[in-house]
Amino acid sequence: MFDRYLLEDDTFANVEVDGEVVGWKIGARIGYYRGLGLSMIELSLAVDGSPVPPESIRLQLHGADYRLSEIEDVLDDRWGFSETVILFVDQPGGLAPGEHEIAFEQSLRISYLAVPSVNRVSRRLALA
Amino acid sequence: MFDRYLLEDDTFANVEVDGEVVGWKIGARIGYYRGLGLSMIELSLAVDGSPVPPESIRLQLHGADYRLSEIEDVLDDRWGFSETVILFVDQPGGLAPGEHEIAFEQSLRISYLAVPSVNRVSRRLALA
Amino acid sequence: MAVHDIKRGVSLYSFQEEVFLRKLTLDDAVRVCAEMGARGIEVIPEQSFDSFPNLTDAEIGGWHELHAKYGTTPTAYDMFIDLKRRKDRVMTFEEGVESIVRDIKLANKLGCTSMRVIVNTPPEVFEAAAPYAEEYNVRLGVEIHAPMRFDHRWIQQFLDIVHRVDSHYLGIVPDMGIFVREFPRVVAERFKRDGARPDLVDHAVKVYNDHPDDMETLTRELAWRGGTAIDVAFANNVVGYNYVAPETMAPHVPYIVHIHAKFYEMVGDEREYSIPYDEIVPVLIAGGYDGYLSSEYEGNRHIQDVRPVDSVQEVAHQQRMLARLLGEETTTGGSR
Amino acid sequence: MAVHDIKRGVSLYSFQEEVFLRKLTLDDAVRVCAEMGARGIEVIPEQSFDSFPNLTDAEIGGWHELHAKYGTTPTAYDMFIDLKRRKDRVMTFEEGVESIVRDIKLANKLGCTSMRVIVNTPPEVFEAAAPYAEEYNVRLGVEIHAPMRFDHRWIQQFLDIVHRVDSHYLGIVPDMGIFVREFPRVVAERFKRDGARPDLVDHAVKVYNDHPDDMETLTRELAWRGGTAIDVAFANNVVGYNYVAPETMAPHVPYIVHIHAKFYEMVGDEREYSIPYDEIVPVLIAGGYDGYLSSEYEGNRHIQDVRPVDSVQEVAHQQRMLARLLGEETTTGGSR
């Protein structure tokens, strides 16, 4: 219901640590009319048509820094309806300057639905 | 409706050409109660949990040797109900001796169904 | 028993398991039908001939020899129309007509005088095929297959054509699977073996057997009862079946070209587990139907995981039941 | 106009678009409702409070201050039960009770005296929550949401409990989306813009508007008419709506705890495009309903691709319609 708003364009950037680019990040919203516990959420990213390896993605929320593979066990943290999470991709050197096609998919395990609700968006964004 | 019979166990073997192992092959059947034109068929293979790159798979039928990517345009050849096709995988050196888990999926675009019919089987087979 | 001229036959569809497994040849299949007194043979050329649609003269000759040898006769040709043959677009009207005309000509070569027109055929293609049907003496009948029913708007389009064109060559092929009163237990049991939750399967079967008017809610309902993917798959399977009263067929009997005597599981020679043939046959007799009741066994896929499928035996059971319901005293013997 | 005590309210669900886009604060939302004379505020804590379920005392205090400031009052708390919280298993009964009791306590803190119990709640959890509902003075009503209807077997389980337990604290929350007589055109138009075939969408809408008893066949029917994935998705969407006659609600009015005045598109102040509120309100008045009609706008997702959503304006339209139907002369002014 909010597919078009799932990625926050102006948060797309390479990430520097101690003067070195260690990866890139983008802010994301939850495509649902309420927040949801992290254990019920599966995410994936692709850049310019290539899937980002799940093991290199981290979800940053409420000061925590979750590996994507961890979140199915997180029963005590929620992605709030109004909150932006930062998806950080561990990729030394980051992304090349310029535009990239960022595809984002969320699969939400909503208990009153027979099958997970899948939200998708793909946007052409310029690195900030 | 014939998932369990889709792979012909005794056809699973490495393939030698001029004394050199160039790949491996397995015989497959169509999981439907009639034959179907090749343009309506999509196939995939995985070995021991890893997908086989589609570009290295060939489908051998009626003396022809189709790349998987070609078959969606083949309007004049059919996979008959009683026929075994040979799936040949281009892989120099072939598979290691012993057992392998072979997963096979067919997606059949059957015109009276709303969505393609997907047939799957996974079998632990020993190289002949 | 009223006088009637209903004949018994078998669709080779019934033997798909053994044919797939190369345990039964075309010759075997026709022979066993003849042995059962089922003289009408229905064929799916796309199943029986790998050379389809380019059957050789030898194959066609062999087919006719087979019938001469066993005293059988070809009945219906089951056609398909591959509207989605191309990935990027559906067939045009012209391609559709070309496809059905190809089938009509081949049906004629095979000696089939009727054709099961599959339900997804565009009505305008069905209508456009009428002159060819007449020219090649092949009566076309659109299949009324579950979950369709006679009064469904999709079927109504074909009935409108049948009534309007008023040709001997356009009609219907009802599949008796539209009269599934009890949900087939072989299907339910297979889903349980495949991991569906037994209580949810039983609930869905109970709901089906009540024939409510809200079957479209079954998927949600099973999910709310804690169902997962396999249970939801069962719900989606269940809504593919349907039941209407056999009497709803009565006004349509004059237009019946051929009949699929669908069945899932015979209870001995006595009855089909799901479908009330003892109520169906009288409707056909009363309406003056004079074509074939063609056995269409579809149980193999539901039992193949636990026991070898014996399609021939299953068809024999149904044929004995049909013979009895049709009043063929000598065939049924003392079976009751 | 008969005397009645039905009150007007708004669910904050209605403003999801602007809240998501951070264009409307909680303060704004409550204020605009007050300005419309809609004094009852329904809340989805999991939407309005990112800290859920651990709201701070400051947040709870702020919530009460807001109502004091605008003269509004909290009405229903919309609860969810995450039965599939864990990937490997569904919640146990005990976990379910723990979840609803958590919500009942929080509802009490928020001053909500009723709770929308979501439809997938296990009936035994609903029943087990009754003593807590009484202790914390929160009336529980299971939501009857499309495509459910009062006589559906899933709902019947809850009605059986409501009748048997006979407590003021157990009842129902009907969502007026069960009375969708005309398929919402905003939904159909959105699917067309997203690539569904216009003629197929129009056909499906026509089928829906006839309210046939075979909606489960719609997917197949669209496929046979040449539909592809997006058309099939539309068919699956359509079967999520439903229509039953407003009078079917009459016997259930005594058990109504709260009402979702669902709407998709207002035609000015006059009427909702799909749902016959002019027939619904009299049923509620005749039955002596004395709770809230709580606006639940759900049109945003269908128009957000073509124009900015103005949920406040949409709710205002519905509130003026409701005021008129409720006989609040001064509010409606000369709007007819």
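Order of writing sets the chain letters: A, B, C and D. Residues in each chain are counted from 1.
In this section, contacts are C-beta pairs under 8 Å (C-beta built on N, C-alpha and C of every residue); 3 or more make two chains touch, one makes a residue touch a chain.
Since the model is a prediction, treat every value here as computed from it, not as a measurement.
Participant: Among the chains here, which has the CA centroid at the largest distance from subunit A's centroid?
Facilitator: C
Participant: In terms of C-beta pairs in contact, which of A-C and A-D ranks higher?
Facilitator: Between the chain pairs A-C and A-D, A-D carries more contacts.
Participant: Can you check how far apart subunit B and subunit D are, centre to centre, with Cα atoms defining each centre and the answer in Å?
Facilitator: Using C-alpha averages as centres, the distance is 50 Å.
Participant: Approximately how many whole Å separate the CA-defined centres of subunit A and subunit D?
Facilitator: Those two chain centres are 30 Å apart.
Participant: Based only on mean CA positions, could you tell me how far subunit A sits from subunit B in angstrom?
Facilitator: 36
Participant: So which bits of subunit C are touching at least two other chains?
Facilitator: 83, 119-120, 220, 223-224
Participant: If you look at subunit A, which of its residues touch at least two other chains?
Facilitator: Residues 112 of subunit A each touch two or more of the other chains.
Participant: Looking at the whole structure, which two-chain pairs count as touching?
Facilitator: Per the contact definition above, the touching pairs are A-C, A-D, B-C, B-D, C-D.
Participant: How about subunit A: which of its residues touch subunit C in the complex?
Facilitator: 112-115
Participant: Using the touch definition up top, name the residues of subunit C that touch subunit A in the complex.
Facilitator: 219-220, 222-224, 227, 229, 232, 235
Participant: Across the complex, what residues on subunit A touch subunit D?
Facilitator: Interface residues on subunit A, with respect to subunit D: 1-2, 4-5, 29, 33-37, 39-40, 72, 75, 78, 80-83, 109-112.
Participant: State the interface residues of subunit C toward subunit D in the complex, per the touch definition above.
Facilitator: Contacts found on subunit C: 83, 90, 119-120, 122, 147-149, 152-154, 207, 212-218, 220-221, 223-224, 226, 239.
Participant: Okay, in this complex, where on subunit D does subunit A touch?
Facilitator: Against subunit A, the touching part of subunit D is residues 13, 16, 19-22, 44, 46-52, 80-87, 118-120, 300-301, 304-305.
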